[in-house]
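See the structures that follow.
In what comes next, chain A is part of two complexes: it sits with chain B in the first one and with chain C in the second one.
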Partner chain A sequence: MSEPASETIRLTIDGVEVAVPKGTTVLKAAETAGIVVPHYCYHPGIPTRPAQCRMCLVEIEGQPKLQPSCVMTAGDGMNVVTQSEAAREARRSVIEFLLLNHPVDCPICDAAGQCMLQDYAYETGQLESRFQEAKLVLGRDRIADDILYFADRCILCTRCVRFMRDVAGDEALIVAQRGHKAYIDTFPGKDLDNEFRGNIVDVCPVGALVHEDFLFKARAWDMDSAPGVCPGCSNGCNIEIGAKENQVVRIKPRYNAEVNSYWMCDYGRKHLVMANRGARIDLPLIRRNGELEAVHWGEALTWLSERMPEGDGVAVVSPFESTESIAAFRALLARIGISGGGYRLARGDEAQLAGFPKLKLRAERAPNATAAELFGFREVESLPSIAAGATVIVAGDRLDDLPADFAGDAGFFAYLGSHLSEAARNADVILPITTFLEMEGTFINHEGRLQRFRQALVPPGVARPAWMVIRRLLSLLGDGADVLEAEAAFERAATETPGLAGIAWSAIGPKGVLVRTDGAAAPSAR
Partner chain B sequence: MKKVHPAVVGAQPFQLAEHRPVERLFEDAEGRDRLEKSLSRYPEKKGALLPMLAYAQERNGWLSPEAMEEIAEALDLTPAYVRSVATFYTMYAKRPVGRYWIQVCTCISCHVNRGEEVFESFLEHTGTRAGEVSEDGRYTVIEAECLGACGFATVVQVNDRYFENVTPETVPEVLAQLEPGEPEA
Partner chain C sequence: MGFPHDHDLEIGTILSRHFGDPKARELDTWLTYGGYEGLKQAVEMDPGEITTIVKDSGLRGRGGAGFPTGLKWSFMPQEKSGPHYLCCNADESEPGAFKDREILRWVPHLLIEGCLIAARAIRAEHAYIYVRGEYFPFTSILNDAVVEAYEAGYIGRDILGSGWDCDLTVHIGAGAYIAGEETGLMSSLTGGRAEPKIKPPFPAQSGVFGKPTTVNNVETLAAVPMILINGADWYRQWGTEKSPGTKLWCCSGHLVRPGNYELELGVPLKDVIYDVCGGAPDGKKIKAVIPGGSSTAMLTADELDVPSTYEGLQEAGSSLGTASPIVLNEDTNIVRAMRRIADFYAHESCGQCVQCREGTSWVAKILKRIEDGDGRLSDLDTLYDLCEQLTGRTICVLADSVVFPLRSSLDKFRDEYEALIGGRA
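For the complex of A and B:
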């Protein structure tokens, strides 16, 4: 006796008929009809639903009282009205209560513009408070070394408490005191140190929890935002990159049911702070008479194509490069006769999010080692010592841990990178390439999921994506045409490995697409 | 001189010495015995939380962070969770209190019977602010959640005894009953 899994029920919400699977809540059913029922305590990623904010109350025909739509299961033939006078009045009352002691300090609040209290207060239209008494002041607190809590702004939806308890599995955050004195707190002397604590800032519907890295950095409407993929580890969490004046100011997780749900780890957030590191290479440099000299792209690439030695050599790629760049680099190596090639991969401690098994801060601290493997690069502990007269080509690897005389007596040393380390200064030619933030491309995560990321920042100087630079160089060497767009770069790459064969650029949806990695050794297995 | 009700006399261990170090709860036979008895009464370990908080207060006079941590460990809870429960109830003292712990109810029934004025009157007559210990170590006055004696509002609980139908004017009488002899200057 098994119930058909996809039994469908029909109900009417605000006059719109919707068909949803049995067991769906009214709130979710309304979403399918494009109707957003205001809510605070309900969060789709947090399993517990206390229905305590009373914001999502809706009128259901035949039921004497308003019902919380976040826990109310939709029934066949139900007639739901979210905009009835009674429902609107209930919401207005909730908002009035929430605003009693709220400081309404929107002009200095980080959440302004992206605040659910602001949105709904505006929507209910009651712009003046009837509250005449002095407001209760609770103050603020530091609840983690990078998170501040503004108790006066808090509406006690307990999303943060329930995220820590039910998703992170670490009941370290609580509601202390009761009634009008209640606030969110940790145990005295025990700040949050969970690897996933940053998510409590994202789930906060108001500006009560703020991340210090973002504190007073930007107004929500002043930021440009681009969908990205976190380069912190091989998990490939989807992120939204908030940028202002060409600086990354905020990183938020972006929903992907197959990778990270609504969450990301703090390592990823912290890691991206260094995205704003300055001192970039912004012009091509070539060595003339022993000195590095800045030249324009045409001159640099022509110079390079004329001097590019043939034969074997040492090749190093960075697992932070995009799939398209790694593919182009492999094509270049094949053209000049270098076989093999390696990449270096930093490792660190792992951290698992208890409530979502697929989200784990993975030991491999780079986003695209799988693509490097796919294109025949192998992980190396350290770079081989460079024999005198050898050819060395490095793409992306910063070389910043290497001695200043690295490859000092190499026969030919070409460096494509974003930052000029001591070791990289020994190169005969230095080409400025973009970081993943300044280009469009793809990463392949630990399980072989190919995901697109978009350009968030303007590249410094004349830096260009590595795939564009290398394909141009190849065309000067008489091997194929120029590639000027990420789509073309990907499609070219897809013809160069069986793993990507048959995958169209347009088919890489918001969830990404799994690629065949059987030709590659999984980096985590070694 | 009025006869003093025994429950009001500062006879509990914490009331004998003002700044006594906090005792560990479950390191002696008595504490372990209390814990085991409580645990046997509930289907889950978590159930014994309120009795254990009460025991900690009975033993030390207040709920120190150390005691909360000890209870959390004994009941497989997080210290933070124990704190959320302890701070929810006004009957648990989260900091040391004076010899006479005066809990004035200001919930609905007492509120309409001038509970807040009674509370203010207690503060005035003891010379303290809400929650603080008076200079002579004798009094701590707090606002309490409903004490469940709404028929006799305003209700004031001093240590383990209830004083009923208290008005702002009768506050000095209540205080006079607490300790025999002359009130201190």
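For the complex of A and C:
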């Protein structure tokens, strides 16, 4: 399976001449010419290629039989035709065979609209089945405590079996029975409880494997989709966030060869679906006569700029905040004279994906502790007790594990956050900020990879990204101009730490970019 | 029907001369019959010399495909970079075939000797005999012989004082037709599902445990000792240029004398059916013969005057296969017989390739409906189309196996299908 890059061969695919490294498969070579050969069992992230779906058969001049392009090595001078009558007829018949016993329950299938069986069935365009017999009914099964298996929709491509065996290294799934009675099941005596099991839903080319969190939630075409970065841990897996009616309904991994390949862990998926929870702070609140009062931004920020104490104090940032927000927060602290600052970081068990070791559910359960370190924040196990009269300023940390009298006799307590915990209610000013789902920005993962994420949801009320709030406040304090765009927020941040120096927003590509973290202590593994 | 019957075409049985003699299973008696003489020669010989003799003999694989055995051996790497393996395919599952069973049952030491000589020829240090699970009683006979041969020093360390080591393991399958396909067999042998694998890599490159492997049929390996002892020319006194030697036949169906026969290759098929087996009982006429096991094309009674060689039956539009003719008399319902065959292949499809998984059972369901009197003429068009879709599109040839009898039955007995359909469009 190694592809020595030394030698280049040339072949023709559908009349297009292609040059590829020796050892490349015909299917991959076709890709370089922009030709997609339909396939089911082949998946670029799963090393085994059984060539069993027979969908990628192509005609190769001089070969009597159609050949599976997923395993066929491209040869020099080869003439491949993917659209010949024989190849098209072979694909048509595969689709007809797959649909013989298929329930065609697309109207209630979660995969409808994003289904490779649907796509190719439309492409081959056979309107009626010649099948006169009764359909075989296999039914539905719970294959894991959060994944359902609809056997009748299954096309037995075995991607799920092979993901578990060849990528997750856990032979939890098997093909049971044989022939037309075959179906996918858990290995006798084993449970499908692997930390990476959710990926079998993503690799399923049809609607046979369905995550219960998503069951009947949304039609594919009714969802908004945004590229994100998973905040579950410091690995920084690339994800696609599916949202409907401003709720996160589905998380899928997004390919990044440097971080997570095609995969993500289940902790990340579940963590993100929980993002829908809780009542949000949707308006600025200021304390007047001992009571919190909702005001508009202008009033709140003016009020705050007039009362912002100078001098040292306690500052807390959340490692869930974006790099831009953390940078802005550091700038604010510098302006008012707070030198230190800490962040709290939850830890948990690790889990590594055997077939792609860079993907690891990491102990540090936050996405951006590296940025916090880069901007001079240090991890603290717990918040210091707040002395009477002290200044306290918190950005992002929910404080929801703290007693209701937290910072009760602080001199001044400003809170920028998304959720209003009991402890946060003691603040003198509460500013509503967006979560990472509602904004554009960057995270820096455990190895110092800076990655962009896009806005997936509309923020509640008038909540704004923390960097926007803070930069506005700073401008009111006479320190720099307003920042209204994520790009500008990043470029401002890049001038404020050597780690980001010279990195242009536009240079942060789909793989992200490594930043210099030598100025910062990496979050210690405990 | 076990061992061969007497018949007019007796040629002095070679492979089968000790069939029916229980004493032949015992090593002491077997040695008095000339047992292990071939192995004694082989351990003194260079592996290449053994292969050359087998190549010259023209011996062809008896598992059905008829691939030249010596040529197959020569595909194995000449220089060893790791272990080599020999697999003896004793997963005899083709409906109609029951020849390997007789070898296991009566002359297990002959098979063991053949395995060891082949192992030496391909530089293997371990031979596996993969036996069909249903052959349990015959496996225990084989096991007893293996124990005897180990104790007598014919298998194991320093075989016959030659310094050459080779082990032999008997493995019992769990009962799947497709475990008889060589890549399926190797997958099953190493603990996987009996699922054929895409080639390349071929077994001689990457087989059992990913090492160079040769898979040979029982009857093929059983023929090797006598070829080594008597020479290639001796073996070529029987048969034809392209199909030399003798062949075990398994004749079943509507016959006066069904059973096993060892015959020279090239005997006209009609002589096998009528002279050797006595034709159909009760004076009935023969309607069709499926000559090589159920996966070969049907021949009508008028098409039987063909030489029973690999090339002769191929010219006749069928295949010698395992030389296991199934004879159907004039009372046979061809549609029903064909449905029964299709049921078998639908049941035995491993389910990997879409065409085979879905197509074989579809064929069986259509045939069942026609048999039940609910067919339509358009079903015949569909069946013909399925013959196209099931040919040459899959990893192995199980799907093709149902097409050979199906297409021939449609071509040659269309009137029977139409009679059951009764004109419904």
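Assume the second predicted complex is superposed on the first by the 513 of 526 C-alpha atoms of A that agree within 3 Å, B and C clash if a C-alpha of one lies under 4 Å from a C-alpha of the other, contacts with A are read in each partner's own complex, and residues count from 1 in each chain.
Basically, contacts are C-beta pairs under 8 Å (C-beta built on N, C-alpha and C of every residue); 3 or more make two chains touch, one makes a residue touch a chain.
Because the structure is a prediction, the values reported are computed rather than measured.
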item: First (chain B), second (chain C), both or neither touched by A:Leu57; value: second
item: Which of chain B and chain C A:Val462 touches, first, second, both or neither; value: neither
item: Contacts of A:Leu402 with chain B and chain C, given as first, second, both or neither; value: neither
item: Contacts of A:Leu477 with chain B and chain C, given as first, second, both or neither; value: neither
item: Which superposed partner A:Phe187 touches (first chain B, second chain C, both, neither); value: first
item: Partner contacting more residues of chain A (chain B vs chain C); value: C
item: Contacts of A:Val71 with chain B and chain C, given as first, second, both or neither; value: second
item: Touched partner set for A:Ala334, first chain B, second chain C, both or neither; value: neither
item: Touched partner set for A:Leu292, first chain B, second chain C, both or neither; value: neither
item: Chain B versus chain C as contact partner of A:Phe131, first or second or both or neither; value: second
item: Contacts on chain A seen with chain B and repeated with chain C across the two complexes; value: 174-175, 177-178
item: Touching residues on chain B, where the partner in the complex is chain A; value: 65, 68-69, 77-81, 83-84, 87-88, 145
item: Sites on chain C touched by chain A in the complex; value: 176, 178, 193, 195, 197-198, 346-355, 357-362, 365-366, 369, 379, 382, 389, 392-395
item: Contact footprint of chain B on chain A as seen in their complex; value: 170-178, 185-190
item: Chain A residues touching chain C - in the complex, by the definition given at the top; value: 49-55, 57, 64-66, 68, 71, 90, 93-94, 97-98, 100-101, 130-133, 155-156, 158, 174-175, 177-182
